[in-house]
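Two complexes follow with chain A in common, the first pairing it with chain B and the second with chain C.
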Partner chain A sequence: MSLTGSTSGGRRAWLSSRSGVLKGGRLLISLAVTMLGLLLITFLIGRVMPIDPVLAVVGERATNEVYEATRASMGLDDPLIIQFLNYIGEVVTGDFGNSLLTSRPVIDDIARVFPATLELASVATLLGVFIGVPAGVIAAVNAGRWPDHIVRLLGLFGYSMPVFWLGLMGLMIFYGKLDWVAGPGRLDIFFDDVVPQVTGVILIDSLLAGNTEVFANALSHIILPASVLGYYSLAYISRMTRSFMLEQLAQEYVTTARVKGLSEWMVIWRHALGNVMVPLITVIALSYANLLEGSVLTEIVFAWPGIGFYITNALLSADMNAVLGGTVMVGLVFVGLNLLSDLLYRVFDPRAR
Partner chain B sequence: MTDHAISHGRRSAWLAWLTSETPSSRMQARCVQWFLGWLGLARNPLAMLGLAIVLVLIGAAIFAPLLAPYDPLAQDLTRRLLPPGTAGNLLGTDELGRDILSRLLYGARITLYVVALVVFTAPIAGLIVGTVAGYAGGWVDVVLMRMTDVFLAFPRLVLALAFVAALGPGIGNAVLAIALTSWPPYARIARAETLTIRNSDFISAIRLQGASPLRIVIGHVMPLCLSSVIVRVTLDMAGIILTAAGLGFLGLGAQPPLPEWGAMISTGRQFILDQWWVAAMPGLAIFTVSLGFNLLGDGLRDALDPRSGR
Partner chain C sequence: MTKFTSAFAAGMLAAVAMTSTAALAATPKDTLVIATSIDDIVSLDPAEAFEFSGGDLLQNTYDHLVEFDPKNLSAGYQPGLATSWSVSEDGKTFTLKMREGVKFQSGNPFTAADAEFTLRRAVLLQKTPSFILTQFGFTKDNVNETIKATDASTLVIVTDKKYAQSFVLNCLSATIGSIVDKKTALEHEKDGDFGYEWLKTNTAGTGAYSLKAWKPNESYVLEANEGYWRAKPAMKRVFVRHISESASQRLLLEKGDIDVARNLSPEDIAAVSSNADIKVAEDLRGRIMYMALNQKKAPLNDPKVIEAFKWAIDYKGMTDTILRGQYTVHQAFLPLTYLGELKDKPYTLDIAKAKALLAEAGHANDIAVKINHRNDPQTMAIAQAIQGTLTQAGIKVELTAMTGKQSLGEYRAREHDIYLGAWGPDYPDPHTNADTFAHNPNNTDEAKLTGKLAWRNAWDIPEMTKATAAAVEESETAKRAEMYRAIQVEHQKTSPFAMLFQKIEQTGVRKGVEGLVTGSAISSVYYWTVTK
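Presenting the complex of A and B:
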């Protein structure tokens, strides 16, 4: 009896762990397929581009033999499938080729510019969370009254406004007319390279170096672009918070808590918001991923030397290696963040396990 | 008096026909459905505001030559960078002395052209992919949906950038890039709808009558997916406009001297600190039009999609 009991218990544990492995394996396979597809798209884009990569190497006046030899040595004579496999091999080893613009390996360029985007998107998300979540809660509590209308209207404006235009208007008003914030760029030029680069995130590096002057300058530069970008994550986060909160406030446990005599503050901000936190974490991760998109245009407006600025400049000078490398990189981060939001949900919500 | 009574009588007859609970023909049933949807929409003042904005956009695009006080490309270097409110130039002039209002009116044509092209390609492609995947199931479903996921794995603007990089800048290629990046959500929606439809009894009945899968998908599944796809399209139009304007702003969409709104903001950027209106006016136009589509989309969703409930 005890024997069979232990075996069935063991078997159950084994089964559940096996289904866990299966789930994990399936997730990994789907991730691998997505990555492969992502690479296939960038590979094909690289093939149909109107610029002849051989001509770019040998120049206009090369003889036919030189042209053919270079073409063969670049692997462009191989069947497409072989070329694609070679491409995968290169990407996996972090080799995106050299950038025409900076004549450095694209991967080094990306490593240099990515922290700037990360910094901008992080500050923007922080702003979006710290304003968006309370705004969403207040809207839900006052559903149908004026605070709700204001929050919804702000969200609707966020969905309708071109981010680059909002950035330009912000520059015109807060930099040009009021002079409250610093202008484009990450730092004033005389602060460049003052603090040693550790993480590449200037706000952190300047604190590590204990240089408050650089920190203040960096903050004054980042606050406007981060607010512009943060507005979009605010619009999304407050809208989602509102609908999650409305769902929770209609539940019976909220009534129970009120009947128990808990203060309205406790009921809303502890009990209801506490239950909203799990789906909210995934929303925040998703909005972080969406900021990557908005950051392309914001970086252009504010001359912010991040990945979007890099890709666009490469594009305008037909630097295909840099464009494709940057695109793959953004795609990878995007997939990673989506995966992260999925995993966070599974970790924090016991029902999803 | 009698005229009025007659017209009133006619009107109520129409109303009765349109709100009949027992439609006598398929056409009447469809009209009743549309009319009830319209009534739901008309009750929503914000949706009506959105509709009005969209209609104004369409009107501006059609009648641009009549409405515009100047030729949108005509330069007058003696009247450069005039502020809004100047006599003759209501919204001011740009760096080449071109009238901004005229350029905005003609720009409405470009915006509408982009939206129309994307709307007639991407949702149809998505509808085909989604219904086929959902109806066929099996490996067809797996392959098609994997493809959809891959396209969804890129931020839309970045993928559009890469496509434009390969195809070369220009308004046609910008449209193509936007269409290539916006079909996957429609495929997702259409597939989800198809999965609920395909096991219903009426599909089995049609199949028993010997209808081919092609006929079932095109004639019976697709029409039922349409309403949710239409709602999504309306909600997406603002996104399409913003992406197109973004590409124009980056210099990858419509090329100068075309009065495309995004490109106009891009040239206005140099004068932003002193002559703010050059960049501000086209931005306001983009904002208003996107807002209109968003309001209309929200209203349509509430009116057409019973599940969204409020």
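Presenting the complex of A and C:
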């Protein structure tokens, strides 16, 4: 699945209702095919990998009788194709089955873990964009001079540092020593379930409930993991922004704008940056999608109950219902972001309309 | 740019300042907060739960007919929900008298009908731990006759043959013997499942706490049962938070955001030891590490080769370095503190002796083996250390790190060369480990006795199997203990198992938190004994 734009066709043609329906139909078909392919591959990987899903249920001590009875009840005696078709049949009716590890419906688990990842990835991406884009622009404008070196060095640092180490160092300094932020977890445990879950995103739910204490606590918990992830995202975004901007600043229209007497601010931040927005959206969307898959190591260090940890744990325990459900969720995220970036192209690039 | 940078820095500082007030300095006096790893909890139904963390949770929400006194674990089983018991002359009929006046967390009174329901459903549901009860001859077809409440305060259990009284009662104190509220379970019954689906995520016991919330892989919250029959728990609430990373646990403990950290690495234990606000509690647990040689694979079935392997392991070196404080050298299959424990440690690292034995066996420098082991850092470190000393003895070793589930598949199919792993007892009776390490009634592939480690390693032991079967029937406890010691001495000499270490749990506890019992080798953690 690509995140690059694929808009073509005549100007404004997409606005016409017929074309709109066609586009919608194509989109649905492509979505269904993508999801089916994704499920098939994940399903097959789950069946061929050398982990026994029955053992995941019955445990090491099980007698052979218990093992065989469980194997049959899980439908694993059926041919692979039948198992897959049965699974698809259930998924179509909205039943992803129960997770072996949590004993709960996978759909409920995802509704619990995905908002945690969404919250963390969104704050991290916001940090990455609001710092990374200006940093990239500043580096490009000052190419070869010290601001450029600083941005590039910080970018290199962000790229090279293992997130795990960065997270632990961050916790040690900002939580352990300075007491600026709260420790691991999404909330202090005493605030758990204080505000009713509406979206699952605590920052939003606490505001909806008008509980500023919970909001402040959630913010104090998220700021550090989001900064660690955001730093990684920032490094990528600033590097790409710098590269796009350098290309634009060498264009003739920039010289023309300067000759016309436009202020440097207008030339750089409006004209040049305006022209890099389209490729930049792809970069940001990719980085966001990457974070939405869940960052297992960050989740472990910060005890953040997100989808990355959920899927990894499920995979290692052969909890295939959970793995498949999680994969579909990640697939939907990619499709959603693809759509979103398509829409944003049209906002920023008149030629795409 | 300068303006921008300043504005950004000011913004970040403001954001940090705004969020810096929220962290609490210490936990409340009547609340216990624990950081540990709880991602192994699969089910909360006592008929199914079989993992460490699940055992911890159920220990505090349920009671058993007989159970241990957390303040004196070495005293063995004591009256629990059963106040007394008697055994018939033929040793097969156990009559237990129920405690009166005990209520479940639902408010329902506890009677013998609940005990009958609990034990019967565990047999009928046929989940993995069911063997703890079915080994007494209970089957789907006979449980209505063999487990019977004859009146509200009497439960009668009839076993298929004579077993040691201590064996039967020890098994009743295992997690599977956690007494379930029959009425509540049946209110949630679906398709004749005895409330199984509901009990997987809820609790219905008489224990000191009730489960208020459980978020898998995240946390659970227990609330004190004010009417608890043993004592009024001082901790009104217990928060258990899933934090798997040792360094994160340590930071939280040092800051006072948690009271107890249960998974600290040796490095973090060393670091918190010098902190005046934290104490480190040590408790010997039941987990045993061992290395097993598959007797199907020659020359690993040569007694001299087997012995050579046992002399080519640096037991003490590993406990002094990579396992610092977390394991102690232990070379018998029963954990220390179990009835019949054997403290002898005959093997030390002796490369020359190992080489001589291999030469005698005609296998100097020609053995190449694969060791399967789990891919967690600790086991990998042990495997590497063993590889190092075996290589010195002239044995070529290839290490294969696998996930737990992956390595088990090969192990249960008897396809491995050597398996390096751990075993934890299933119930607090010596038969639990004797049955797996020293009992193999049928060594054929078709027998598929996959639950027994002796079978998995194709170790054919008719004599030792008889001795183990005899020990489980011996009613005189002292004699029974002596029988297990004799079996272990023989096992140490001849078995293809190199028993390595026994687990020591090191727990970081905030100063002021008293009475936390982590359960030793025979039990699980107790929260109701904690005071602050």
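Everything below uses one rule, namely that the second predicted complex is superposed on the first by the 249 of 353 C-alpha atoms of A that agree within 3 Å, B and C clash if a C-alpha of one lies under 4 Å from a C-alpha of the other, contacts with A are read in each partner's own complex, and residues count from 1 in each chain.
Keep in mind that, in the parts below, contacts are C-beta pairs under 8 Å (C-beta built on N, C-alpha and C of every residue); 3 or more make two chains touch, one makes a residue touch a chain.
All figures in this text were calculated on a predicted structure; none of them were measured in a lab.
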Looking at the overlay, does A:Leu76 come into contact with chain B only (first), chain C only (second), both, or neither?
neither
Per the contact definition in the header, classify A:Glu60: touching chain B only (first), chain C only (second), both, or neither.
second
Could you say whether A:Met277 touches chain B, chain C, both of them, or neither, answering first, second, both or neither?
neither
Considering only the touch criterion stated at the top, classify A:Ala289 as touching first (chain B), second (chain C), both, or neither.
first
Partner touching more residues of chain A, whether chain B or chain C:
C
Name the contact category of A:Asp192: first (chain B only), second (chain C only), both, or neither.
second
Thinking of the overlay built on chain A, is A:Gly331 touched by chain B (first), by chain C (second), by both, or by neither?
first
Regarding the shared-chain residue A:Leu38, is it in contact with chain B (first), chain C (second), both, or neither?
first
Name the contact category of A:Trp165: first (chain B only), second (chain C only), both, or neither.
first
With both complexes overlaid on chain A, does A:Ala182 touch chain B (first), chain C (second), both or neither?
second
What part of chain A is shared between its chain B contacts and its chain C contacts?
50, 168, 171-172, 176, 300-301, 316, 318
Residue set of chain C touching chain A in the complex reads 1, 4, 8, 15-24, 31, 33, 39, 42-44, 50-51, 126-131, 200-201, 213, 215-219, 221, 239, 241-245, 247-248, 251-252, 254-255, 257, 402-403, 405-406, 408-409, 412, 426, 448-451
What residues on chain A touch chain B, complex-wise?
30, 33-34, 37-38, 40-42, 45-46, 48-50, 156-157, 159-165, 168-169, 171-172, 176, 289-290, 292-293, 296-297, 300-301, 308, 311-312, 315-316, 318, 320, 323-324, 327, 330-331, 334-335, 338
Seen from chain A, its contact residues with chain C in the complex are 50-52, 55-67, 69, 99-104, 109, 112, 131, 134, 138, 142, 147, 168, 171-172, 174-176, 179-185, 188-190, 192-193, 213, 216-217, 219-221, 223, 300-303, 305, 309-310, 313, 316-318
Which residues of chain B touch chain A in the complex?
146-147, 149-151, 153-159, 161-168, 238, 242, 245-246, 249-252, 262, 265, 268-269, 272-273, 276, 279-280, 283, 286-287, 290-291, 294-295
